[in-house]
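Handing you this structure, nothing more for now.
Order as written gives the chain letters A, B, C, D and E; numbering starts at 1 within each chain.
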């Protein structure tokens, strides 16, 4: 079996009396899409934040590319190749779509302390950025200022910026949210192809997408993983049905 | 060229030509006014890097302005009084050479900006405004009671410092010098705004989470921006002191910080030429309104109000259109 | 340095803190709760003091003077809010700084235009003047005790208003998302005018109360304004408890620093140098305090938000 | 008579026009689905309807012209908004969020907490730290607390777990049946919309291009306007 | 045609002093009725850089022959050295810092008012004469404050009960008053100009401390006394001028000033008036273009000062009597009356340092 790209052991995180993560152990293997589903407030975003380094776990470890990164900052993990999208879009609203994408490229090449030649005139940055935008179907909006994008378009840009990083693993927090039927379908296709480049830890409430994409699914309830398995196993699990899916399976 | 580009060229040209015309017509005071405008613009260009691009609303930039001023005052006063600044490890008598003074002013204010920035950047938003103000006030009160260098009375330098090949006492030559410095810095600021650093700094203002997620450190970007910004304002301080041949704690006062900020907002935040237009207009208003009535501050206040309320994006925004250039 | 003197100085520190709180309370209401940087708050303080002085001279009544101060400042506040401030809520702090800076100019010179360039007379009413003897033998001016009382009452009222009433909830909701609270059916515009007038009235009251033992003159507002900002930032913006604690801290630091720093330095410096250096350090003390608090807790002592 | 009537609405963000003529009507007790691809103007229509932005055309609610009313007046006539992106008051607690704009009527905090037990558990927590789905529930609860005649839901089930989403659709169904509440929904989930929606209006590039019974939104219509 | 530039503070908190200076000066100019004398008045906003800028403009554009009018020492330090270095005359109506009296003295600089230390020295002399044994002294922590306490100590023979520097611009003096109460002092000397003095006096009067106070005229001058109110009654202060000084020129000045401006003149008005008189007297004798002759004419000081006897020391500072005044009430109006002379024929302490 291949070495997991990303791995957690016994992650615990409490907010006051609430255990948002209660001993989470899971991994992300090369080439796979691992979906994490669970009720609202189960601790999915909290898990992602611990993986990306935005919040520090109370207990447990995070390993990325075989290295213990528990103590590393968000920036350091991102530079190692861990890209994330946000549940609530975090973009430079006054900049253009292209500038946002270039920012990602800039981060990937970790070369921000250049003071003279214009960023948009640097072929290597611009190339990467446009490629990502094209992939997400945003090339036509390259010169649009982000604040003028609709909600769904912003969600697409979120993913595009993560693409520019050409990372070793993706963390995606509800990338489908806000996309219309067509948009979801498109993104499903994109993610499907993307897993060959880097594995994806996907949080999503859109079950059509999850069932279409996931190689494995973990179900998180009250901070604990109650089940991990293939799409079929999860669909059939009565526990999961009760806690989360309802009739949606 | 875009409308804003044309406007910028016109402003720069006017700022350069008016003093020349004044020189020909024998109106040295107009040259002094233009010099003042150019120097204040330079200070504001400095702040505009932190504020316009980085969103760091510093109400303490007078700190750097004052440090630049005192760098000049201290260096020159030691020469003037024939008391060496220090004798160990080598004899240093102070200096009356502008290039050296500038260098030290820039270094000193950059150092101060680094230290202040390290502490102040732990906070953000309104707290940042206030903590920078606090540092400004510390310097202000310190300089008032620092009697070695004149305390509240300040330091008078009788002769303007020298620049190789120029007679700095001649108003038009001194103006030319300041103008050249301003142009150079503006060029630098323009490059910086479009550079990778400028892009990243701007993003750090708008969405620090995003910047972190792509692997960049927003605080460090902001710190670098703050230092660059402080250093430029420090340089302006040294020039301002030379213009007046005088430094005093007023350079450190919060009103000075406020005025530098006013130039920017008046001209247009984040616009390359915002500070230049703002400082120019402010100096002119001060000059004209002052002659009109004893209560001219009322008119100044009303004018400023009108600009904030009705000219979003400042005067540059009003003249060149709201949207910022995105290229 | 006797224990009595120390006790008295601590009392002085508290008292000056409470005076500061009167000013800071209105500011934190406007600044913290409405998210507006109002540099002109000092001008409203001045308006209150001038209105009080003019009324006191005309009627001879201190009570009427206080009422006039409240009314004049509230009216000025409401007017300014409707004409200017209203357009600034959705702007960033910068525009607010510039606009209210402009208001300072207008208010200051306008006041000078109306009342002339010389300081005005406003004095403590007969009934509250002179010292009283406190337990422990401390002689203390009655008026200052009265100020302490006023400050505490205002603190309690405000705290109740913001934390416990629906008005307070709505105001805070408005700070988070003005458009949204309006879309839910709250006339946030009128509410804000009200709050602004209330904050202004508090500043005016502070101006009148403090004006009676200080000088009533153009420009009196700015130094207090800066101090009040220091106070609310130390306390945490928008927090009334924070403003109170911050005010007391600043009051104590300022008073005790001015007294004890020179004496402390005198232990190992020659006296003349010690008094001067001590005084210099003391004048920076509150700013050092503020910087230290912010470095330690970047959102002030009681501030919740980042 | 229709409760809400929008006729040929046009609207712009600064220089760029977003709506070029949107018309729709909602009758008392009716549920209307507003549909369209991303960026076609659904949210903009909602903003116009709530008085949050200036618009051309005719806007009437309950027989009254609301074209000139500020948004709080429109809301008081009985429009309850669950906005896109939730927009909870982040520094207020859950309870404070609920009561901030509450108006008396059928819905009160108890009923909302019965609908969303999650919110009862988190009463004292500030909204900014709630999970995404919890915020979404709060936004719906907050709108219900104003006891509206027309509930406007802009992507109100975005980010909710299927189970909860189902509960919300059920709740909407109940609302429609029992209280005769009119509802305008913007949502992408066709199957679920079908449970409650009576009619649909589809937008394309800022124009209403299709208007009809919801059951007909399928096949070619869905393919052409929604891409599914 | 003679052009004079009058730079003074006409806006902001300190405007009162500048307005009095200007009004006093202009009164004398108008009385002289010379139509070849042109006075340009400008507001310095109490900011040094603005003062410098105005001075530059007056020198460069208006081509003035002489400058005057600055109230504040820090502004004077910003303007005077540069102006005199360019060969202009400067007549000081008020600010006269030690630097300009000693090492930095200049042939073209004349202080018509005093040397800054004078009134404080006089207060020291008065305190000694009044047999104060233990005095508590306080002043703000800035150069003028330090000069003040040094000036006082120069002439005070008793012991100090305490020496305190307050913050510049401080408005609450409860802590200092408590210190005074505890210090066992038998008297208090304070130098707190402008609003600081008003605050101190009101708070002192309300504190129940009843030690005698003495201070320089600045906290008791006509322009702020009304604001202090009864708290000032009976306090002794030192001044180089008062409206009841008995000489013909003064009687005329007070009457004319009151008639023209409808308020009593202050020390600043008197100094402005005297400065104009001095200027006029020199213009009578010499052409201002002839610098040496004009300087000699100024040095003669051949005018009838409202302060009575007046002559210049070699460093161009007055040698004059300094009086002790007491605050009294005349009808409803608070004002001062002279109760004695603190020092006679006082020059200043830095005379020896001046090499010119």
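One rule holds for everything that comes next: a contact is a pair of C-beta atoms (placed from the backbone, for glycine too) under 8 Å apart; a residue touches a chain by one contact, two chains touch by 3 or more.
Since we're looking at a predicted model, the values are computed, not measured.
The minimal number of chain-to-chain contact steps leading from chain A to chain D is 1. Steps from chain C to chain D, minimised over paths through touching chains, total 1.
Comparing mean CA positions across the assembly, the chain most remote from chain B is D.
Among the remaining chains, the Cα-based centre furthest from that of chain C is the centre of A. Among the pairs B-E and C-E, the greater number of C-beta contacts is found at C-E. Remark: chain B and chain E have CA centroids separated by 36 Å (rounded to whole angstrom).
Remark: chain C and chain E have CA centroids separated by 34 Å (rounded to whole angstrom).
Distance from the chain D centre to the chain E centre is 74 Å, each centre being the mean of its Cα atoms.
Put simply, the C-alpha centre of chain A and that of chain B have 43 angstrom between them. The set of chain A residues that touch two or more partner chains is empty. Within chain E, the positions touching two or more other chains are listed as 11-12, 141, 146, 165, 167-168. Each of the following residues of chain B touches two or more other chains: 141, 144-145, 147, 295-297.
Pairs of chains meeting the touch criterion: A-B, A-D, B-C, B-E, C-D, C-E.
Residues 13, 16, 36-40, 43, 84-85, 118, 122, 129-134, 136-137, 155, 158-166, 188, 190, 226-228 of chain D touch chain A in their complex.
Of all residues in chain A, those touching chain D in their complex are 15, 37-45, 87-88, 148-153, 156, 174, 177-185, 205, 207, 243-248.
On the side of chain C, the complex with chain B involves touching residues 31, 37, 39, 84, 87-88, 91, 93-95, 97-99, 101-106, 108-110, 112-113, 226, 229-230, 233, 237, 276, 279-280, 283-284, 287-288, 290-291, 294-295, 298-300, 303, 306.
For chain E in complex with chain C, the touching residues are 11-13, 15-16, 19, 141, 146, 163-169, 171-172, 174-176, 178-179, 181-182, 194-196, 198-199, 202-203, 206-208, 223-224, 226-231. Against chain E, the residues of chain B that register as touching in their complex are 27-30, 32-33, 36, 141, 144-145, 147, 150-154, 156, 158-159, 171, 240, 244-246, 248, 250-251, 286, 290, 294-297.
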